[in-house]
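Both complexes below contain subunit A, partnered by subunit B and then by subunit C.
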Partner chain A sequence: MNVALVKNETGSALSDSFAIARDRLPGTGKVVGAREAAFAAYAQAGLPHRRIEDWKYTDLRALMREVLPLAPAPGTAELTRAATAAKLHAIEGVRRLVLVDGVFAPKLSELGGLEKGLVIRTLRETLEAGDAALQAQLLAPDNSNPMVALNSAMMTDGVVIEIADGVVLTQPLQIVHIASGNVPAAMFTRSLLRLGKDAGATLVESYVAADGAKTYQVHDSLIVSIGNNSRLDHVRLNEDSRDASNISSAVVSLGAHAHFNTFGMMSGAGVSRYQATIAFAGEGSKVETNGVNLLNGKQHADTTLFMDHAVPNGASREIFRAVVDDRAHSVFQGRIIVRPHAQKTDAKMMTRALLLSDEAEADNKPELEIFADDVTCGHGATTGALDESLLFYLRARGLSEKEAQALLIQAFVGEAIESIVNDGLRELAIAAAERWLEARG
Partner chain B sequence: MSLLEVKDLKVRVEEREILHGLSLTVNPGQVHAIMGPNGSGKSTLSHVIAGKPGYEVTGGEILFRGEDLLEMSPDQRAAKGVFLAFQYPVEIPGVTTMNFLRTALNAQRRARGESEFLVPDFLKKVRNVAASLNIPMDMLKRGVNVGFSGGEKKRNEILQMALFEPAVCILDEMDSGLDIDALRIAADGVNALRSPDRAMVVITHYQRLLNYIVPDVVHVMSKGRVVKSGGKELALELEASGYAQFEDAA
Partner chain C sequence: MPAVQETVDRVRQIDVDQYRYGFETLIESDKAPKGLSEDTVRFISAKKNEPAWMLEWRLEAYRRWLTMTEPQWARVHYPKIDYQDLYYYSAPKPKKTIGSLDEIDPDILETYKKLGIPLREVEVLEGVVRPEGQRKIAVDAVFDSVSVATTFQKELKAAGVIFMPISEAIREHPELVKKYLGTVVPTSDNYFATLNSAVFSDGSFVYVPPGVRCPMELSTYFRINERNTGQFERTLIIADKGAYVSYLEGCTAPQRDENQLHAAVVELVTHDDAEIKYSTVQNWYPGNSEGKGGIYNFVTKRGDCRGNNSKISWTQVETGSAITWKYPSCILRGDNSRGEFYSIAISNGHQQVDSGTKMIHLGKNTTSRIISKGIAAGVSQNTYRGLVTAHRKATGARNFTACDSLLIGDKCGAHTVPYVEAKNSSALFEHEATTSKISEDVLFYCVQRGLSQEEAVGLVVNGFVKDVLQQLPMEFAVEAQKLISISLEGSVG
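== the complex of A and B ==
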């Protein structure tokens, strides 16, 4: 690794920690080379700041300041704390796969009785001894996005899931990220889901913290490929601690006649960025994304989606809702590209923000780049306060101001939560929203 | 003690005075009717009693059982037993009527220090009230007033009134938008709630409603004041001769 590339203090501290962490980072040969290239790319760029267009609303140099050192592998005490924290997102009938402080925790996970056609490995195993194709898929993301590059350099563990052709899983899979938070530290995880042809699955990603967790950083990424005629339902719920940062990236590609239904809700973390690239690689596929930000205090949450219509006859729907209170800041950047051959694309994007205080902020940046002529594309945005006449009606019926607001916020968020098909997961999302509302008082 | 006492009330909206010193005393067990031309301030009065923001009270007071109502938040007023059936009930998408009714009823009960209704007891209560008002339960599974016809919205207001059992019910044009049968059912619902310790203030343009809900006192409002009060025969008089005779008095 070329330390000379590291220009600022933050970077050099990190390069030390990269050097120190090296022994703990899985993989040999090609993997090591990829890590070093990724780290060099990150070191050159450093944390993204507001002068970089893609990060203008989310200046990580100001918001995160530095990348914390790699979290130590969890011991018995950490695992015990994590087991308690996991209960917050425990749902019956779901296969739980737990990462504690960025390391797969077999004792907290359910690996028994795997359905036929379902294979689950850890990232560590896969990078050390996995097959070349899986490794290639894991190393595929390029280093143009500094936070993805950092994740590629430092990825320590994660879950690698393969679902064979023709297999429709009835039991949802849940990756639970738990921060024990004993010391201020960062965890770097990468997971992969490969869904074969004519297959189906539900994937839940949960982010929670043990009680009293200290400042921590989650650097996560997810790589997904959905085969022809397959459907993936995806739910992402973030209840990280308020002292935490969560920088997550997803890269999703869809084959032909595939369906990707994704719901994400950020009610946790002090600083977060979720950046997802969804690429249509086969014709006739459909993507539905529903995003919700529930923010208060000084929370900052950025969702940046890139919908890449590269082939004809794709349909995408993005609905993003933000409820922003106090001095919190919600960011939605939605870029849709319709490439020249992608005729008959139907792409729509809608953002709706509810501002509950004068100092609350919601930024919305839609970007449509359309290079095909026979397409239906559109975007819309609304920003406003809760409707006074509705609030008064509820208060005239006995609800306090907070109760009336809560009911209207639940209704607003509820429309998005309705998009979750699985009953248990929908209830989990409702419960997370209620926790946020209750914490408002 | 009178239940509701409005004394010399002056109210402004956006720098314009709408009520110019209005007085009204409502005793327990009474039904008062308020009639008056469009724009005379009837809804304004009802909103100020319920505590709607946006109105500036520049003079006078409103007492509820001797307590200063204007000092209370709208939800405190509701918990004390003030109920306004709105002239234009709003639609609340995403909040089912059932959930709304239960949340509201329990919020009021909590505020009064009473125990909350459990779901089965609540359901039983709603079912009985809905049946008496000819409201199908399916309607209550929908968003509050969402897609309800004008008449259904009004019936939903009466349903709430029956459920919350308030001490003072202000009905702002409950008859508008109701067909003849619905009017009779709604009026029956209101009459069923008449009791020696409850009072009603019925705002209407039409004498016909007062055939069903027979008032003890009829007031004529014009230009932000009560210009005449009398017995139920005053309504008939108005029906025959209109408001012109009061325009000058105002």
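== the complex of A and C ==
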């Protein structure tokens, strides 16, 4: 493929779309400057390709080809279809905040009776008239990653959540991204969660498609700051359409003695990449990141995690499981860096891939970068098929081949799913895994 | 857990300031004009009396090199190399025509004597007590750009083994060289391999005919002596059907303030049922404690298990060089073929190591094993970078990887960058970096018999490495022995 040509084509198509979209993008002054700088950075790099080390296994030039134009603001018809989808994917007991085609939908969201100390705004209003501190935090991600830069340039809407010091939310918050998918289009969203000191919250992010939505692109990012002694539980469920792409980034920073527990499940989207950077800014904090990829058909899912131990006495655990069937392709890149003086860091990472078909592919790159000597760090990676002897054992006890496989797969992903603390959410993830297994037949 | 004192002391003993091979031999030499051009390539080719096809091959590589750019992906940092400020050929000036060992320049003989390399066939290594009494090692000694002596030629010839400088092999066995040269590491492979293809001056050539087990260890000893000189050797080893050969390589250089370039290429080919065991003790001058001087070591080593049931095993002990950029690899093409990589990489002072391996599984039921230990001290950076990949048709591919790193002090860095790629479901790959997981069965057995967990792990891993190290000649083993007992305590993945 002629790389230069591809770059020019998508590059110019995109600058047109940036120019057209400009009026719809919120913010003035500083925000506009930041957008332009971000767009320039993206335009120079273009879509990442396999010769960029970080994107070695996920060549967006081949997989995504181009960035689609910005989705039009949803009309009545779109919102109605989105409402149906929202109902279908509803989770009991959570406070729902809905984005349809990248635009906040107040009518589908629950904004009444907010607990004391909880403030929810949209990205649009924050960028247009928000306080400087929030804006600075929203514009903080640098432009070194082209897909983050693109998101910074094009972000249209999102949810900005603030939780005051000492407030522990009892009700989980859910941000639902719904694509109505009338026309092939892209949505660019950015959300922020700021958790004060001694606070606690649970955040669920869901990505779903309305009935009939097919070709669309989700470009999302999430910025999280967790205050001292606070705890955030985070669950991310991707059930996008099989023809859709989902490129999401997360930037998380933890204060001292904070706790971040995150779980992600990828079973939707044709092409997906989730890239998270988790930085330890205060001592004595703890992070658990767990993930499951359940892939079949021609799906391509990439999870790229960057754990940044910048201060001493941090602990992190990463557990990742991939189940790959048919011609699907699962990618896991985990990088742990222990910076100089980040002594007594305890970081572990385990990634395992299960290949169910001879055409499936799993690529693992667990990376350690260690600059401090008094640490315990380790990683493990395995790749293989289902154990024949275990299958035989179950078959001998009367299970069909598929049933036996399903049981073993459930056990395989179980370790990662079990780390979800909230019972309801854990059940939800288990149900999603079961649905995937049932769909296998 | 920090490293134990004993380990710290041992590593200090092999610190950069303790470099024992830093002396220089003052002899007259015959050099190519400084810089690199087509004329330099022609000069080297003419010096070696090479046939026209060889010159063409070199020139093609040179022209390609001009279009290439230096790779940047490794975790090593160094000032830009000025390729025009180097001598690409340097040979000790012969005092007269050499007929036997006695006629070699005594200064050179003295150099190798100082290094402890036996060039006199009758000599048995000092201090080596072996049950068989007279274990022999055939040595090819390469001084700057040329091979100065190859021992035990007669005995090897009787066995049918060809062991000679590659420059001679090009003249005497052109059909073999033509058939294999550049088939494992093509001239276009990478920047440094292409440079090597254009300007390589000498190296060893080994051919072991079908069914022959090479009667002795083969060894090449590389010495850079001349100032401002790059050393570019090329080694080609072929084990024909059912053959076996064990090959050792050692290297040292004088202590100098400037950085010198070493860009070698090693190609191994094994046919059906053949085996090559390749061991390296790399001890180029690492630079002083301020990071001044030292060798830039950019080496391309690759083995091709072309035949079924063939095996290639790489063992490396890396202690020298200011910069090491080296990934001995195995292409497991034949069914049931096997690749192994055992490595101990120690970096001290300002050294930078980026080393590892590639195991490329192409044939059916291929297996590979990677054991890597990296030890970083001083302000050095030590990176393991490894690739394990199974292609769609490589059913039953199996890999086990264990890499441990140890940091001594808080100013150094140890990094692990493994790439694990599986493209079919029957591939079974395991990559681990936690020491407690090395063969639970064996550990359990040891612990049952009263060893602590730590001792058991040490025993298992060291016993394993020791087995390979014992194959090394004594001089090399002395260096290596110090390392094998290094405790794994406090190691990180």
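Just so it is clear, the second predicted complex is superposed on the first by the 433 of 441 C-alpha atoms of A that agree within 3 Å, B and C clash if a C-alpha of one lies under 4 Å from a C-alpha of the other, contacts with A are read in each partner's own complex, and residues count from 1 in each chain.
Please note the rule applied: a contact is a pair of C-beta atoms (placed from the backbone, for glycine too) under 8 Å apart; a residue touches a chain by one contact, two chains touch by 3 or more.
Note that the coordinates shown come from a computational prediction; the quantities given were computed from them, not determined experimentally.
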Looking at A:393, would you say it contacts subunit B, subunit C, both, or neither? Reply first, second, both or neither.
first
May I ask you to decide whether A:75 touches subunit B, subunit C, both, or neither, giving the answer as first, second, both or neither? neither
Regarding the shared-chain residue A:297, is it in contact with subunit B (first), subunit C (second), both, or neither?
neither
Which of subunit B and subunit C A:370 touches, first, second, both or neither:
second
Between subunit B and subunit C, more residues of subunit A are touched by C
For A:212, select first, second, both or neither according to whether it touches subunit B, subunit C, the two together, or no partner. neither
Based on the superposed arrangement, let me know which partner A:415 touches: subunit B (first), subunit C (second), both, or neither? first
What is the contact status of A:353 with respect to subunit B (first) and subunit C (second): first, second, both, or neither?
second
Notebook entry, point to check: Given the touch rule stated above, what does A:340 touch, subunit B (first), subunit C (second), both, or neither?
Noted result: second
Per the touch rule, the subunit B residues reaching subunit A in their complex are 50-53, 73-75, 77-79, 84, 86, 89-90, 92-95, 99-100, 103-105, 107-108, 111, 143, 160, 164
In the complex, subunit C touches subunit A at residues 1-3, 73, 392, 395, 405, 407-434, 437, 490, 492-493
Subunit A contacts subunit C in the complex at 53, 340-341, 343, 353, 355-385
Listed in rising order, subunit A residues that touch subunit B in their complex are 387-390, 392-401, 403-404, 407-408, 410-412, 414-415
